[in-house]
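Sending over a structure as structure tokens; questions will come in a sec.
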């Protein structure tokens, strides 16, 4: 078995240069997804007429289909829509001038939004019903109660999931490779094609992802411990 | 017919049992009392090797097991001579009441399903739960669950039944039903070792009382002797903490 | 540059894609079955704290859960032939399907191992003690008392892993497997209607996932019939609860 261990070492640092892009592709959707998820969760809980059906379908569809599909649907679908609109309204704007990264981030944000919505929704439902009653009894309006009492506790449900969400989207970022983004996997592929040392390059990439995952796990464990100090065992 | 000799047990640095000797004759109902941390539950669990004593010997009607060199086979044999009723009932959650009682009979004692069922129905009637044989534990009250636990132990026809604080986890109004079942079993002459906090019960039902504190047996004797005429100061201190309506009985 | 969007093509593509559904199912089935076996093998050393094997298992699980599926696919695709060369096994003409099943099986094994470990540990120790007290041996207690209860805890997680694995199979095309996505790629080259193809693919996956989810939900309810005392969360009760929470 002929593995060039030295090459694994050298390519490791070459490939690592793509880390910033990978982190962007991981973190931006998580943040955007949180916002989308929060809004969607509230829409679904309050059953806002008509809109909640769209929200339900959105969450169900994006959780029920592969992330790869999301990427391609957005990648092929949005330009079509934009170009149609451009033709109709005479914009000078062309979909081809939008960097592919935007589509990637948009698609993954939608994915993240769906998953976040579920987590936040079950987090809100898990909050003791007595909390809202108590908030009303103290004189708060529903929206005040939501903001100050319910949501903070529901967010507590998100934290344990934060790690698996981050890792999930870190791993998901590799899909950007299929639309020629130069993320870690993309860089590894380039390094591999140039040197023809495919196995070594991908081993290096694997080690990078593994390392990032372990770091993420350690950090969330630390965060959880600090939060647990004043939460004493969960939301409900 | 049951004897514990020189039982020592430590958890890490802390010695919890400091050389306990205990003999139980057939038909005895032994109540073990003491403050928390006295080691009484640990001692009970050493009898059926749910805790492995560091040193000492456990003998049950002819079978002696040296705690230090206990072999798996011997432990299983020993356990087949005993039965236990747990503080938190520990009924098999995924089995019906009837199956809970027959499980040990069929699997451990290799009884036929028909015989096991027959015996199970008998003991369940004895504890007053014939109506619930096809229910799952989650559907029963605490008192009912504990009675099933007692039935399960009875069905095994052991040399001795070990009770680990059988009523401690029960709501007050359910304690009575369980105690009366235990009382009726005692009256049948079944050998029992009961770790309990229920002083009144111990006094009424037991024919021997053992008071433990800090890992040793401080005093033992008949209920009269221990409750009315305690010889040790520690015993007196412990007993005085409990509301003493019985101490006014002359 | 693309031809105009044609919705009817979406309907035309679906049956064409379904012709390759069996490949996807073979990959899924093979990897789940092998993964279950692997999961048990990995969980046992850690549950019983067997030295060396337990640490190796932990490392393996960490690696598998710490790397993306695409990377694992490439590692197995390039690595397995290298690994087997010294013992004279030539994999140069193996169907990529084999590599795919191996990759997903190795990956699922790690997920299942974690699920099994957590499930067994969640069974109240008192259950085992009661079994011992009734005279059951270690093995009898494990098989008859612990495993049935652990499986109930594990089941929803295992169902999720299976569904997740199904979605992951969409990446198999990247090493040349002709499954539904692979067929989709050839359809795109032939017709240039990429969007329609991916809409069709999405519909197929969506339907399969929904069917699986409903099936698992039914199975879960059957498994939990001994816990029916708990409050039944029917839609009416849920609505009531929502009203009370949301004010």
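Note that the chains take the letters A, B and C in the order they are written out, and that residue 1 is the start of every chain.
Just so it is clear, a residue touches a chain if its C-beta (ideal position, glycine included) is under 8 Å from a C-beta of that chain, and two chains touch if they have at least 3 such contacts.
A quick note: this is a predicted structure, and the numbers were derived from the prediction, not measured.
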item: Chain located farthest away, centre of chain A as origin (C-alpha); value: B
item: Innermost chain, where centres are averages of C-alpha coordinates; value: C
item: Whole-Å separation of chain centres (CA-atom averages), chain A against chain B; value: 56
item: Geometric centre distance via CA averages, chain C-chain A, whole Å; value: 20
item: Centre-to-centre distance between chain C and chain B (centres being mean Cα positions), rounded to whole Å; value: 46
item: Complex contacts: residues of chain B adjacent to chain C; value: 48-50, 72, 76, 79-80, 82-84, 86, 88, 90-96, 103-104, 107-109, 136, 138-139, 152, 156, 162
item: Chain B-touching residues of chain C, taken from the complex the two chains share; value: 124, 126-127, 129-138, 140, 144-145, 148-149, 152, 226-230
item: In the complex with chain C, residue positions of chain A that touch it; value: 1-3, 45-46, 60-61, 64-69, 72-73, 76-77, 80, 124-125, 127, 129, 131-133, 135-136, 142, 145-146, 150, 167, 170-175, 177-178, 185, 198-199, 202-203, 205-206, 209-211, 213-214
item: In the complex with chain A, residue positions of chain C that touch it; value: 2, 5, 62-63, 65-72, 74-75, 78-79, 82-83, 85-86, 167-168, 170-171, 174, 181, 194-195, 198-199, 201-202, 205-206, 209-210, 213, 241-242, 244-247
